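In the part that follows, the structures are each spelled out as structure tokens.
Shared between the two complexes below is subunit A, which pairs with subunit B and subunit C, respectively.
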Partner chain A sequence: MLIGLLFFFGQMPITVVATTDSISLKPPTNLRAMDTPNDHGESITLFWDRPLDISNIEGYQIFREAEDESLHLAGYAPVNKTEYLDQLGLRNNVEYQYSMRSINPEGVVSIFSELPPVVTAYPQWFKKNEVNILIMIIIYLGLVVYFVRIARKGKKIFLRRIPGLDALEEAVGRATEMGKPILYVPGIWPMDEIGTIAAMNILKPVSKKVAQYESRIIVPCIDPIVMNVAQQTVKEGFTEAGRPDRYNQDDVFFLTSAQFAYAAGVNGIMVREKPATNLFLGVFFAESLLLAETGNATGAIQIAGTDRVPQLPFFVAACDYCIMGEELYAASAYLSEDPRLISSIKAQDWGKMAILISLFFGSVFSIFGLRFILSWFSAG
Partner chain B sequence: MSISTSIWVWMAALLTLMVYSFLYKDNPFYRLAEHIFMGLSLGYTLTILWYNYIIPRVYEPLFLPPHQWSLIFPILLGMMTFGIFSKKYSWLIKYPLAFYVGGYAGLRIPLLLQSWIIRQVEASFLTPDKFTSLMSSINAILIFAGLFATLIYFYFSKKREHGFGAAAQVGIVFIMVAFGAAFGYTVMARISLLIGRMQFLLHDWLGIM
Partner chain C sequence: MRRRLPVIIAFGIGFLMLIQYFIPHPRSEEFYNVIVQQWFIIIFAFMYIFALRSFFMHHITKVKRKKEGYIFSAVAMVSVLFMLLSGLITSRGPFFDSLYNYMIAPLQGTMFSLLAFFIASAAFRAFRARNVQATLLLVTATIVMIGRVPIGDYLWRGMPDLVEWIMTVPSMAAMRGIRIGVGLGAVATAMKIMLGIERSYMGGE
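Let's look at the complex of A and B:
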């Protein structure tokens, strides 16, 4: 069928514009089609060599045919390209036949290229190009296990003080003395974000401290699942402090799921409840300055922490203490005093040192033309 | 000057002014705007959830042919979150939460490793093509030194003494320079938002501009 069509469209002049042009235009050569590696299937990659004379070629038309799919134009590639990724309407385990032809700016087309063997798209279970990630995860997990064992043997793992955390106790104490609540804003992102998980890890020791001081904590949430986790976390904190009676489920509530409506609501809480301490810990976006500025105007002591780097300048400008980027993750380990979390911070530090060493030696070797360290990071 | 006659423009303009009244102090007008905003956003979200998720992803595949009975398992898992409303069954919520958090962590860790670490490290190597001119060479060395110092700042398990402490100090200088630049850039973007609102008030509403 395809051969017949190719004969019809390719060997016979397909256009009536100028047959001599059509003959002078050459199609791409050495067309190869292969299943796109390391993907979920439904994709085929084509490679070809450009014709020797490309002066009058604008691009290449890519044609596709399958058993239940007649020959049709499946894509277009500009003249300088030698590769095309076909993902449009492909199905796994179906045999496809491809062909190409050149086209000039006037719309005149060449004959079709030679036919490559039929090709089938299929998914791969293992992404071979991401083996470096697997190795990194295995090494990291090995380090975590090693440091957890060390911590369990009783050896203390040193973690440096984080200024924002040192101020936490003072901030909770201040709120208690003033008889005002503590506002804890756990960011505006759902539980699938590491920053939100860190915010929940910090919430527990904060709740425990609040319960010990017999103070009150308000946690407005933007996501119902975050609210559920926050309720559980605060409840556990109060229970661990031996004051489950002081836990009030209504203080951990869902506000709204829209970003700026949430900011407006939290601002309202700040000006009406007048909390003595505001803690903004989690994932924040454009609302960060709105929240921090309002809190600043109410005179509350403010501690903020986020792993969203673009928001950190606003927190630095408007808050008393700022927990920056990865300090947020370290803070959750530091406050929880959980050997597993502390060990993970130690393992991360080793990872950073490995990166620094790789960068240094990789750069030195790379300047002398040896790229083996660089290529390890380039894979994937 | 031609004041708008559209009721929607008037509503938007009055709500804008109500929100801006917060700049003076908290007042009943701001509270009204705040509650309208929150109520509307909540209602809107519920409608979106109902028509974009519950109907096409739960009701239709489950109750209309061809029935996808396998969906019962994730639906049951999701319904366990309602256990929170009962003291007796509140423990049920731990299962969907564990599934949700664990599943997402597993999905995201390889992605984050690739985009936040491997790609960044790859781009940070000093390679000969970064030394094509004096400026590009200075730029490359500054970025490299900044990365080194900043990474040392975020090293938690070592005391900041001697050279390590000095490197961390250099790191915080780099961080603050970056924050200053980001702050200025974002403030400019916020000013353009304010200009947009002023344009709405003065042009679309009052027609004096």
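Let's look at the complex of A and C:
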């Protein structure tokens, strides 16, 4: 509708008839136009000061003109605004001239504001407003590399116990004793999600343990790419354990790509195969409780882990062990006991410590009106 | 080389995607669209062939061996083929849409609706006051549940405000704590993959 109105007004010839009302109505002052920074171009930002008396003003009409565009209505801003982002039909490297006028509820308009200098939109090569993120990434990368070097030198790095991961050995052993399979659900998100990558990282040591215990692992997948990666990972785990003969490609299979059909399919597997152990590790959404509750009803020992915070309460309520948030990413390092991988967790801890210190000082300084620490953490 | 090449590709693409994030230029956006949208669609389409092969192999084996519930496998295979053929023959016309709207969508809705009952049973188990923490959880959850419905306001005017405070202060603080950890963990995992420290996902140490 707004576009329709703009088009309608845009087609109207612009004539200003001086009436008593139009003379008393003041246009915005100090109009500035500039290329919108840190973007891909095709955008101009306008700033202005409100007239002193805005009691009878409803809003402002924004007009634009270029060499091959006659003066036309390009936008509208409500009276309380002092900024407008023009992105409608703008081209890069074209000079535009802007002007504004006020309009009252009866449709009476003021005279035009003073003309600002012509402005050109162009694309930028670097987001200067996100340089803080880049610096933090570089510092964090430095920390990761530093701790990996320390680990390579053989320094012992302490890692706290994670009960959910300690229980994996017990869970695989239980399945072997009962002669029942282990169900591994790698979440419902594709391979480009970090949580799914973490799930694949854990699948390797788990399948290695399964092969060592000569048990069976079932991995139903929702995504074709995840299925291919899972097949390769399980195969490698079985090979490393010296039991490639026990690897069955049909146990790592594609179920369906629909969320609730997948939940129904996995529930069916739980009810029919009655796995002794269910592992839900990866990215989960509404199906989390459907899976965990069914597993609970079948009496399986359940270990769940996800980086989706809203799903954690469901897993905590329905599973025996829950791997929370970042523990999911740390699981691969924890299980493999590779010092290089463990060292990156140390970098995470330092990162968290830095954030905690920043939070503390940021809060204290902002109480006294000093917001420079807070502004460091704001993007955009 | 069999191990090194995937690491080089992961590092190269990961580094380019990281750089791309900081470059708003249309060329950079084009690059992102090619890598993420076009390449991903191509890979995904090919992977679906493997997925369908896996699907049929899995279910055919079950039917052949007459495993428990093999009849469901037969139904699943027939349904996939029927949907596939109806889509191909009718060029995804009204018949195909009807199959989706009146069969698949209600079935998915039914699965989703089961969540209400599962929440009730999970809540019943979680809210048993076995120790101090569980009792605290029970009391807090009861306050939040009552405060979210009109009777809470009727019982005590301050109840909705108390609930709002629980949700926006202690609950939010805990969630943000986990989210900060998740954010740092995600960046660390991405770096480990880019630097070739983490290789489990590609089958090797």
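The definition used in the following text is that the second predicted complex is superposed on the first by the 350 of 380 C-alpha atoms of A that agree within 3 Å, B and C clash if a C-alpha of one lies under 4 Å from a C-alpha of the other, contacts with A are read in each partner's own complex, and residues count from 1 in each chain.
Operating definition for what follows: contacts are C-beta pairs under 8 Å (C-beta built on N, C-alpha and C of every residue); 3 or more make two chains touch, one makes a residue touch a chain.
A quick note: this is a predicted structure, and the numbers were derived from the prediction, not measured.
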{"item": "First, second, both or neither for A:Gly75, with subunit B first and subunit C second", "value": "neither"}
{"item": "Partner chain(s) touched by A:Ile157 [first = subunit B, second = subunit C, both, neither]", "value": "first"}
{"item": "Touching partner for A:Ser344 - first (subunit B), second (subunit C), both, neither", "value": "second"}
{"item": "Touching partner for A:Ala261 - first (subunit B), second (subunit C), both, neither", "value": "both"}
{"item": "Residue contacts on subunit A - larger count, subunit B or subunit C", "value": "C"}
{"item": "Partner chain(s) touched by A:Asn132 [first = subunit B, second = subunit C, both, neither]", "value": "first"}
{"item": "Which superposed partner A:Gly173 touches (first subunit B, second subunit C, both, neither)", "value": "neither"}
{"item": "Touched partner set for A:Gly59, first subunit B, second subunit C, both or neither", "value": "neither"}
{"item": "Overlap of the subunit B and subunit C footprints on subunit A, listed as residue numbers", "value": "130, 137, 192, 194, 197, 224-225, 228-229, 232, 255, 258, 260-261, 264, 268, 272, 289, 309, 312-314, 316-317, 324-326, 330, 345, 348, 352, 355"}
{"item": "Subunit A to subunit B touching residues, read off their complex", "value": "130, 132-133, 136-137, 157-160, 162, 191-192, 194, 197, 224-225, 228-229, 231-232, 255-258, 260-262, 264-265, 267-268, 271-272, 289, 309-310, 312-314, 316-317, 324-327, 330, 345-346, 348-349, 352-353, 355-356, 358-359, 362-363, 366-367, 369, 373-374, 377-378, 380"}
{"item": "Residues of subunit C that touch subunit A when the two form their complex", "value": "18, 21-26, 28-29, 36, 40, 43-44, 47-48, 50-52, 54-55, 57-58, 61, 68-69, 72, 104, 107-108, 111-112, 114-115, 118-119, 121-123, 125-126, 175, 178-182, 184-193, 195, 197-198, 200-205"}
{"item": "Sites on subunit A touched by subunit C in the complex", "value": "38-41, 123-127, 130, 134, 137, 140-141, 144-145, 148, 192, 194, 197-198, 200-205, 221, 224-225, 227-229, 232-233, 235-236, 249-250, 252-255, 258-261, 263-264, 268, 272, 286, 289-290, 292-293, 296, 307, 309, 312-314, 316-318, 324-326, 328-330, 332, 336, 338, 340-341, 344-345, 347-348, 351-352, 355"}
{"item": "Touch list for subunit B against partner subunit A, complex", "value": "19, 22, 25-26, 30-31, 33-34, 37-38, 40-42, 44-45, 81, 84, 93-94, 97, 100-101, 104-105, 108-110, 112-114, 117-118, 121-122, 124-128, 144, 147-148, 151-152, 154-160, 175-176, 178-180, 182-183, 186, 190"}
